[in-house]
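Each remark here refers to the structure printed beneath this line.
Labels A, B, C and D are assigned to the chains in the order they are written; within every chain, residues are numbered from 1.
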């Protein structure tokens, strides 16, 4: 016997398309924005206008960072396989893993663990400072790093950080994750012996967590944002390609080397 | 010598992140919506509020259609490889090819070819009817099908079609592609001998073309929309999985058959 | 200044193609088998005929397991996007992650850690039994599972296990990983309180480790094997498709359910 | 009612695993090579030893071509997402599309169409020359190119071509596709006005077609071959990474340019 396949997302009949318990054509199209819908599809509730503004600011912050490894991979794939735009987009997204895209989810997760692990949330900045100090100490003692501290390019200050904090404040959405992350920004020099900027992509993770989005899906939102950026990269590759030059630059500077002794098993 | 890699998208320095000639943090975050940015990244211009409304209505229309092959593939991939959310998303998007996602771009392309191929655009519905009639006749005589006519489920009327036409009209964006498609809807029975509904995903293609978006990127917008839908599917798979049941339903009903003689080379 | 890009793999000039320090056309084509080459490309040395036999037995063992989630995903993707065979293959491979493909690498890694962590390898089965017993105990006390014990279908004995052990023995390649895994098979009931079969895919991991292949690449070999299997699945989908039935079975048995209270954030 | 899902590939029970109508463990593992199995999985028959030698020579010829766009994309993806080897492999394979990997299938298809379109195959080289001359003329008059003629690097002679022809001859497998391609090599200067080498990857397509493999799967074999090459690239990236340098070379030479007037829609 075939099982049933339950879903709270979409179903359709001959006359009607329903999504999230709504009539797609009557209730959603032209009435609900794409960012709102993306939020709703994961969180299973419609975001408020304030939440939408902060959420979309996060997506805008994460959409494109120029010639990242993922953008270059997408453009190389499009060069080789212009027959499949979905292949080029997928190839770019496949780079959205732990190393370059991970800080958003790692930071959100880290903050979430601390927030969930405390019996009573602080009520003021001093309280958050204390909570942050304890967390940073624990992490350091465990021989690990606090995700979201530092940035390879923005060594003094990540320009995205104060803007996200401001938008969250404007919208009344400065919640425990963002407040804790700000506190980490204040207190960490005491433990680590040096001062690092709060990574903007990490603030994005904190904001998404404060929006109540599940931490297991934070990487997904970074990927959605990056999908828009990659479409821009692919469109540009169609107009003004760099994929061939990128490929030839590597290929023409290739040098054959004998395998090192340790490479030979 | 290393070539230069020109881009009109994003660059960053230690203090500033620029995107599309703007300051990301001062001009875009919290000021420009995610849908607006996605449009801008491909079209290389910021959409007007009217254009944004129509554009986002298209994305909302295309985001999720329940248990499509792509949604099921994404959920099966997440089942097997929960270690890689980007893999599950990519696997889902890789199904965004000619068969199930193609009508948006095929329709947009078809209409664009007709529109571009005419010396003078019609000025009223009668003119569009004539242009449509000629196009449908040519296509039939060439032994091909007009993309965007008919739908496997919505056999009488696709509920998305009138809503998109209405939104386009409300926003003053009912351009030649949409008008031509509506005309095709009126005149095709004369040529084909039967009456078919205008496919809503096809209307999406017409709308995107009337928004001035490049026809070579229409598939990309369907993929962006679907990315949001797939995140919803993956999030649901985390909460209420169906992947295992889908897999076992096929596996348990597998039947070994000898290869047919024609299968043996 | 452009950096150099060193490689020990392939380079070519106008007249010659070199791979792994050899002339591709004079030394490799028609002289070295595909399995041999795959081994060589990762291990940076040519395998002996004995090693090749065991290595290819592993690949054959892992190539196809019928309608796995990965095979179904590949066929659904091919259904939706027949325009891109590489997309269907990639989608299938993307399911090659931790849950269903992981036992080969998890087992190989586990055994490797034990083997590397002992000062002096045992010289007989009694010695391996002792090493195994200690390892299984440690793992149990840490609250973790020994990878490679048990199989969801082959509850008594995995038919692949004795055959791989035999081939390894025939070829003089029964090394510490395989011997340790066999010992785990003997002693684990004492610790776990029940008797589980040695998973054939786990034995594959042990064999690959005894072949000296890097543990960080074990998943890669399972993926290479699976690539051949997926080509078979895609070819069958071309001849005798099941993708549409698999999709419709899920879609037609979809049931809309209100989100559970816990799902609403 | 659930449909049945017929397959001629693999099924398994608690005690037995069957593949292609054989017992996997008794008949295949250690008895059938990986290349043989890959052939069998698609062609639905076991290749002879001669066929296996030619088939594996083709795979070896196609496996790795140094720093191709696909290899670079795989290494960039591994750099960004070392957590997912399957993602890096998939990203590399996604570049296996029309532009760089297409010549094998395009050539095989082209030759197959000519061979299938002739009532009676030639019996000697003169006959093949005549068939080839007619085909090249038709193609030129249709404004199209003969696939498999020419190579961007091997401008005089592709070193793979004579070796594949020789191996096919040695194995008694020089069939109509290979003979026709050789004839095209002889006669095309008469039609095209210049002399081009036969592309080795094109010869691979001819050989696969002469092996009776379905033309719709030729791209799949190039992908299988490339999967082995990509594993080598990923393993090398683990040992001696170039991904970061490749990425930074592009990123550091990025130049912002205003969108050209034609780029603004």
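Criterion: a residue touches a chain if its C-beta (ideal position, glycine included) is under 8 Å from a C-beta of that chain, and two chains touch if they have at least 3 such contacts.
Bear in mind that the values here come from a model prediction, so they are computed numbers and not experimental data.
Asker: Between A-D and A-C, which chain pair is linked by the larger number of C-beta contacts?
Answerer: Most contacts of the two pairs: A-D.
Asker: Suppose chain centres are the mean of their C-alpha atoms. Which chain sits farthest from chain D?
Answerer: A
Asker: Could you work out how far the Cα centre of chain A sits from that of chain C, in whole Å?
Answerer: About 31 Å, centre to centre.
Asker: Can you check how far apart chain A and chain D are, centre to centre, with Cα atoms defining each centre and the answer in Å?
Answerer: That pair's centroid distance is 37 Å.
Asker: For chain D, what residues touch not just one other chain but two or more?
Answerer: In chain D, residues 2-3, 5-8, 11, 66-67, 81, 83-84, 86-87, 90-91, 94-97, 101, 214, 240, 242, 246, 249-250, 254, 263 touch at least two other chains, as defined above.
Asker: Please output the residues of chain D touching chain C within their complex, sorted ascending.
Answerer: The contact residues of chain D facing chain C are 2-3, 5-17, 19, 24-26, 28-30, 32-35, 37-38, 41-42, 53-54, 56-57, 59-61, 63-67, 84-87, 89-91, 93-97, 101, 153-157, 159-160, 162-164, 166-167, 170, 214, 216-217, 219-221, 223-225, 227-229, 231-236, 238, 240, 242, 245-246, 249.
Asker: Which residues of chain C touch chain A in the complex?
Answerer: Within the complex, chain C contacts chain A at residues 2-8, 11, 18, 21, 43-45, 81, 83-84, 86-87, 90, 94, 212-214, 249-250, 253-259, 263-265.
Asker: Touching residues of chain A toward chain D in the complex: what are they?
Answerer: Touch list, chain A to chain D: 1-2, 66-70, 72-73, 76-77, 79-84, 87-88, 90-91, 94-101, 239-240, 242-243, 246-247, 249-251, 254, 260, 263.
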